[in-house]
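When the chains are written out, they are named A, B, C, D and E in that same order, and each has its own residue count from 1.
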Amino acid sequence: MSASQIIFYIIAAVIIGGGILAVTSRKIFRAAIYLLFSLLGIASLYFYLNYEFIAAVQIVVYVGGIVVLIIFSVFLTHASGDEMQKPVLWRALFSGLAAVFATALTLLYITEHTFIPTANAAVAPSVKNIGLQMLSTTQYGYILPFEVVSMLLLAALVGCIVIAIKIKTKE
Amino acid sequence: MTNLTILILVPLLTAIAVLFCRNSSQIRWTSFIGSLIQLGLASAMMYAYITERAIGNTAQMLFQQRYSWYSALNIEYFIGVDGISVVMIMLTACVVVAGILISWKVETLTKEFFFLLLLLSVGAYGFFISLDLFTMFFFLEIAVIPKFLLIAIWGSGKKEYSAMKLALMLMGGSVFVLIGLLATYFATNTGNGVHTWDLIQISHLHIPVQTQMYIFPFLFVGFGVFTALFPFHTWVPDGHSSAPTAASMFLAGISMKLGGYGALRVATYLMPEAAQQYSWLIVLLATIAIIYGSFATLMQKDLKYMNAYSSVSHCGFILLGIGMLTKTAIIGAVMQMVSHGVMTALFFGAIGMIYERTHTRQISELGGLLKTLPFIGTVYVITGLCSLGLPGLSGFVAEMTVFIGSWQRPDAFHRIATILAAASIVVTAVYILRAAGKAVMGPIVNEHFQHLKDATWNEKFASVLLIVAILAIGIAPFWLYNLIAPDAQIIMENIARVF
Amino acid sequence: MLNSTYIALIPLLPIITFLIIGLVGRRYFPKFSGVLGTLSLLVSFLLSAFVAYQYFFEVGKVEGVYQKIIALKYVWLQFSPNVAIDMGILLDPISVMMIVIVTFISLMVHIYSMGYMNGEPRYATYYAFLSLFTFSMLGLVLSTNIFQIYIFWELVGVSSFLLIGFYYEKPSAVAASKKAFIVTRFADLGFLIGILVLSYYSETLDFQTLIQRLTTEGNYLTSIVSASFLGFSALTWGLVLVFAGGAGKSAMFPFHIWLPDAMEGPTPVSALIHAATMVVAGVYLVARLFPIFSNSCPGALEVVAYIGIFSSLLAAIIACTQTDIKRVLAYSTMSQIGFMMFALGVSGFYAEEGVGFMGSMFHLFTHSIFKALLFLGAGAVIHYVHSNDMKDMGGLRKLMPITHLTFLLACLAIAGIPPFAGFFSKEEILLACWNSNKLIFGAAVLTAGLTAFYMFRLYFNIFWNKEYKSHSESHDAHHGEAPGTMLLPLIILAILSVVAGFVPFSHLVTADGIGFETEFHIGFAIGPVLLAVAAILLAYFMYVKESLVPQKFADTVKGFYTAAYHKFYFDEMYLFITKKIVFNLIGRPAAWIDKTIFDGFMNLIASVTESVSESIKSFQSGKVQDYAIYFFAGTLGFVLLFIYLWT
Amino acid sequence: MNTDFFILMKSELSLTLIIFILLILKVWDGIKDNSTWLHITNFLLLLNFAVGFISSADGMLFNGMFHSNNILVLEKSILNFGTLIISLQAFDWLKSHKHVPEFFILLLTTLLGMFFMISSGNFLMFYLGLEIASIPLAALANFDLGKLKSSEAAVKMILLSAFSSCIMLFGISLLYGSTGTLSFSELPGLIGGGHLQILALIFVFVGFAFKLSSVPFHLWTADVYEGSPVSVTSYLSVISKAAIVFVFISVLGPLFLNFQGMWYNMLFLSIVLTITVGNLFAIRQDNIKRFLAFSSIAQAGYILLGLSAGNQMGTSSTIYFLLVYIFSNLGAFGVIGIVSALAKKENISDYKGFYKTNKLLSWVLTISLFSLAGIPPTAGFFGKMFLVTAGASHGNYILVIIASLNMIVSLYYYLRVVKAIFVDPNDAPIEKLNASFSAKLGLIICMVGVVLVGFASCIYDYINSLTI
Amino acid sequence: MSEIGLTHMLFISTALFFIGVYGFLTRKNMITMLMAIELILNSVNINFVAFNKYLYADKLDGLFFTIFIITIAAAEAAVAIAIIIHLYRSLKSIDVDDADLMKF
């Protein structure tokens, strides 16, 4: 077992372990931290695959943004030390079984499937390439989604403001 | 009067005109004049039809008009009439005039009432003149909802239940029709896999027997629901008895005939082989309906229920005639449609008039009406006699034609069916006379009845119109017969192709 | 040659009168309606008489045979090239005889009613109905087509219904009219099916063609004879069923129950319809089809004979026990029609063999006269006494001398005392029975004796017996005679009852149209006459004075008497059948099944839909996670389903 | 960049422009009056709708990420039109609302998302469009800010829609993995039908089914419809649904059609379940929005029926039906909106005796419901008929029979409402309502559409000429 | 790293995906449900990146998809949290099962 394999398994263990704990821990704050670990593990997986840019985005957006947001909202809505309620038993049973079964099924299909890699030369996922493509209108250009997603962010902004304003005015 | 579209437009425009009327008097008169125009147009159309035939126009359908409508789906606005449609249109026109006259006193939501009545007649006219299956279905469905509203809003008794039941069962019927029509449409092929809704064209195409066998039950049952095919008749008693007078008249006089007409014109005509195969079943069901309907009628205590159940029995004759698949029987079926339409409309009219005055329809609570309401009582007796098949009135002619036609099927099964059907005329006599004997004749049972007012001019006009129609058919059936016979012949030829 | 225009006028005048009176007369000139009706009928009668004269003595006979003349024929409904319902006028001896009888009796009744119905609020309506009936009856007898006869048959039935129920405010009248209509309707069903059977095999509805096809050897006859159902040929079935129709109208057993009740109608109506004309329609029908009965299907004819004699005897026995005078007359009518029926039944076809046929028609003729007279006389009595029950009467001979005399003549006529009309016709009938069936002959003679007995029982009870005590002050105790309009018909009819027997009937009306000479056997006649006289004497002793003899006699045969008094419980049996079996076992279950099963089924569909809707509502629990679980489960379900099961 | 760009993207550009105009006006903060805001917006939306009539062309932009042609322009115009009507009808509700421009910014953003979704050339654009069309909608669902139900609806919507898009995304990722492309033009050729692809396909389909609220992925619908403001509900039930169907017709149809038999079976199952379950639930609702939610679920089943035909007739009929559906559903929601805004009543039982006080509104609601039920002479009859005809053209009559029989059930519940309006007695019916002119205008447009569209066969012919 | 095959990556992503699903289905707290959503989205991201890396490295489709998913996830989370907090203000609870005012 080579070093890279070991690293991979460690990363995998962090991701999956973090994930499992994130969805099972009864303490909400801990759950958020486990989520953080899992997300960091994924970032390291990207590093592992040499996709540094995406790994950086992952850390910035998830770790720096979303998780922080979540933790803030936990503070806003919840006493952090409280234990969360146990899941409803039949839901937990069903979901657990279904999840295990579905995982097995999906993996079965994945292993069954023969993936055919492309024969073309690889493009380096460098920041430069990504940057160029992101703003290009020609082949493999992503300017349109880039612009479009800005509309989403605008709308999300407006939506959040509207809902937030309410809170302000109410108090 | 050869532009048939006018037949649809006149009631439609009348209905729209009603919407702009200011008071109920205007509404009444507008509707009445509109309906008179309808009657005039229908008569003119019949005259033109007879003239055309007389000068030797042998086309199957006269006064045809054909416009492409939804060309992508091969839907056309294709209309035309043959003898059968002509008599049905005449029937509709008569019943509409009578219905509007009978409703003269409707005071609640007058505008809506007359609007819906007229809308109903639009559906009926459209249905009878359509030669395109899609258009036909369109008009068939138009006639459903006004009935619901008429019963639910202006009805009496358990009106909401009845209205809902009627609407749902009729909708069920039209759903069956819809499925049958779709299957028919896709079973046709006019070359290059192009389908058609054109009724005439389909009648010349040969739909594979196997396909017919699947389609026919849908079409027949679908239309059968409209015309009280056993065991899908249960909407009839409740629907009729809860409906306001004019709605009952329209329902029994026109709407139930849509089914009979469809069963003949669409199901039987287009699916001759299947009709042949299923004939025994139709005959069986029709016979059951006739016998069973008449016995069930025997037990009714409410005049309207009685008449509604008797409609089940009488409409059985329509289906029996169709199911027998002989020319005479089919003619008899059409005559029965007309006859029953007029007769039962008058019947409901008379019951309505009685109810309006006595506020009861229970036979046991009535009595001696002939004394205080001689005109209405007489009308009731006349329709009763027509219903039980008195010669000289329309019912007799129609039923006898059906019997004679049915008797042409020589095997034991059809014989027994015919005999049983014929036996119902005795039962009919029993219940009609029981009701007439108790309600109209006999001593006056209620002091209050002493002071009742007899029919007003509008009621008299309506009754006389329908009685004249009954007599015209009863005394001189040959004109009706001769109108229908050539077209029944065509239908029979299509069936005979199979033999 | 006969002129079809005025022949057509014979039935048309009454219907025109009906329309005039019915539509305008009732409102604008009710008093004049009687006169109008009478006048129109007078014209009709004169025309009939003229036609009869022409037919019998000028044009009817060709080479010694009376022809069937079709005076008029319109196609009414053409079902196929062969089969059509026609409306027409057929003249042959029996139809000509019938129109004379119908118009004459009707005329008499019209005149009589002017007095009898005077002051009745629905006087005009009454005349309208009478006209309608006369029209229908004339149409019936003149029919050229078996379906035409059926049509008028029904119209006659409805006229009868309207007239019986004329006093519609009396529940008993309404009930009687219903009963009459329904019972005859039931019989007519047989008639209709019979028509269908006959017409199917003969491929025609026309009488002449029908008779021709079913009496001569050929395909038609072969096919109808060879087709069999339950062991009898289609021809037998057809004829018996047609006869059933006739039996209904003619009140033969088992359809006789309506006739006594029909007496609820005004008495002149009973005279016209339920004595003289309509009730003989059945006889007429059998006579009309007689060639087929006689030549092709003797079996059916036997049925006619036995039904006839049985009804006759039954009615005679019941008549002996009734106290309602109209009912007695009604049973008497039934009995006499039985005579006509079995006379037909025992008759042959050709020449002298056809004496039964001739006798039957002859009896029909004479009976209509004297029975009308009896009814009208009874009417006069009732008019005076205001009661139908003979117990309320007695000793009226002094108060109503003319009525008394005419009634006596009629009684003698019906009893078969020579030289009154009934004697001759009955004699021919008995002769025919003697020649063909001794059993029937015996029963017939017995019936004839019973007839004499009950008629005179009636006569003595009305006019002799105890003295009449008026119940009402207004009655003039010394003069009870009816007005002139009522007496005139009585007198005319009485005269005819005396002389009608001398009409040379066998030369005019025979089965095959060829006249023959009847021999008069004095020896044969003497037996029945003596029996009749004896019966009259018996009646005289029992009833001329108020006595206990009848009661004692009744007590000795108590069971039988009670049964007869209750009309052998036929009404109860029918009531049982209709109320218990038809209503309770068919009607009620049918209504119940409809409400419960079929309607219930439709409601079930609705309620099942509703309850399914109710039972699945928990899926919409309002909890997001449940939704997600269903979502996820659905996804997995789709995957499994479409990868493994449904590919 | 050339003129093509402006022609092909005209709808998107005009919409974006409007959004920015509204944003700038909001920031400028010069308009105080809600009515003014609404009039301005309506005018802008009218202009936006008019843009649809500017000449259009077939073509692709951004290397196939965006494409446009006449049928897509038509679809967008239909959506624009529906949005315009909704905006007109929202007048009474928004008149007193604090966040009018925000409402429209969010609403139009979702519309923009739908446009991009419809015009998308690959899964990325499609996914972006889908999210843009749903995330702001959740915020919109929360727009009755004081109402708990509204927030609950928003939560349910955002959570479930996130969940469904996650599952869909997983499917997309697997599709990407097994084919190597996200482009709709290349994908169909690369789909072979292995288990993994079927799995992926079902995951994608499920995402669709969620948006279309097809059973068993429909459960969010009723709650969200009930809780959201009427205008948002009508937008959800009409525009959002129509957009998803349009996407399917224009973009994903070919992709799924590669799976032929299985695809049909999936539709079969969905149709049967959707129509039946939708109807069964609709029977017993009292809240009229919730009632219409279930009815719209059932309608979705009929839409799927049209799609299942997989031919031109199916496509044309579906687009036609959606047009009709917009008229009829907005007619109904228009009235409900007026009643909700002015009388604050949303239950069917509140509508008892409605006809006594509000004759015209009653008729509008009734006719709309009849149109939804497919009763002639309303356009709904034609729409439904054509869908069923299209469904029958596939030859599967069991499906047609089930769908048709369900019409009976649907008639029942529509008639229940009609009965409440016309027949049921009520001592205190909703008082006479004075709707604003613009709401009335919206209703008039709907009524004209409902009554006339059915007879004007040219509309269907036009659609048919555009579809392939 | 060449020894680590695509399947390994996919194993992680699939497992994470269903872990996320499990979390979404069982967690009663809305915010933790949102966390589960993030897990799912990340598993999809892994998928895209892995496919891009291992199979289709000639283009950067998967990578860009991932970037956009991350962006959208952020927006979604923001809106969702805004809504949740708004709901919390009136419901005083963050338990998802308490938000069942509308049902049946």
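Some observations on this one:
To be clear about the criterion, a residue touches a chain if its C-beta (ideal position, glycine included) is under 8 Å from a C-beta of that chain, and two chains touch if they have at least 3 such contacts.
Predicted model, so just to flag it, every value in this text is computed and none were measured.
Listed by label, the chains touching chain C and chain D alike are A, B, E. Sorting all chain pairs by how many C-beta pairs they have in contact places A-E at the top. A separation of 102 Å divides the Cα centre of chain A from that of chain C. Taking the mean of the C-alpha atoms as each chain's centre, chain C and chain E sit 97 Å apart. For the pair chain B and chain C, the distance between mean C-alpha positions equals 36 Å. Centres computed as Cα averages put chain B at a distance of 65 Å from chain E.
Multi-chain contact residues, meaning those touching two or more other chains, occur in chain B at positions 168.
Annotation for chain E: residues 10, 17, 20-21, 24-26, 28, 33-34, 50, 55-56, 64, 68, 72, 75-76, 79, 82-84, 86, 96-97, 99-104 touch two or more other chains.
In chain A, the residues touching two or more other chains are 88, 91, 94-95, 98, 102, 105-106, 110, 115-116, 118, 140, 142, 145, 149, 152, 156, 159-160, 163, 166.
Here the touching chains pair up as A-C, A-D, A-E, B-C, B-D, C-D, C-E, D-E.
Every residue of chain B that touches chain C in the complex is listed here, in rising order: 165, 168-169, 231, 233-235, 237-238, 292, 295-296, 298-300, 309, 327-328, 368, 370-371, 385, 388-392, 396-397, 400-401, 403-405, 407-408, 410, 418-419, 422-423, 425-426, 429-430, 433-434, 437-438, 440-444, 477-478, 481. Residues of chain C that touch chain B in their complex: 75-80, 83, 147, 150-152, 154-155, 158, 161, 165, 168-171, 174-175, 177-178, 181-182, 185-186, 189, 192-193, 196, 199-200, 578, 582-583, 586-588, 590-591, 593-594, 598-599, 601-602, 606. On the chain B side of its complex with chain D, the touching residues are 69-73, 75, 134, 137-139, 141-142, 144-145, 148-149, 152-153, 159-160, 163-164, 167-168, 171-172, 175, 178-179, 182-183, 185-186, 214. Considering their complex, residues 10, 13, 17, 20, 24, 30, 33-34, 37, 40-41, 43-44, 47-48, 50-51, 55-56, 61-62, 64-65, 68-69, 72, 75-76, 79-80, 82-84, 86-87, 90-91, 96, 99-104 of chain E touch chain D. Per the touch definition, chain C reaches chain E in the complex via residues 617-618, 620-625, 628-629, 632.
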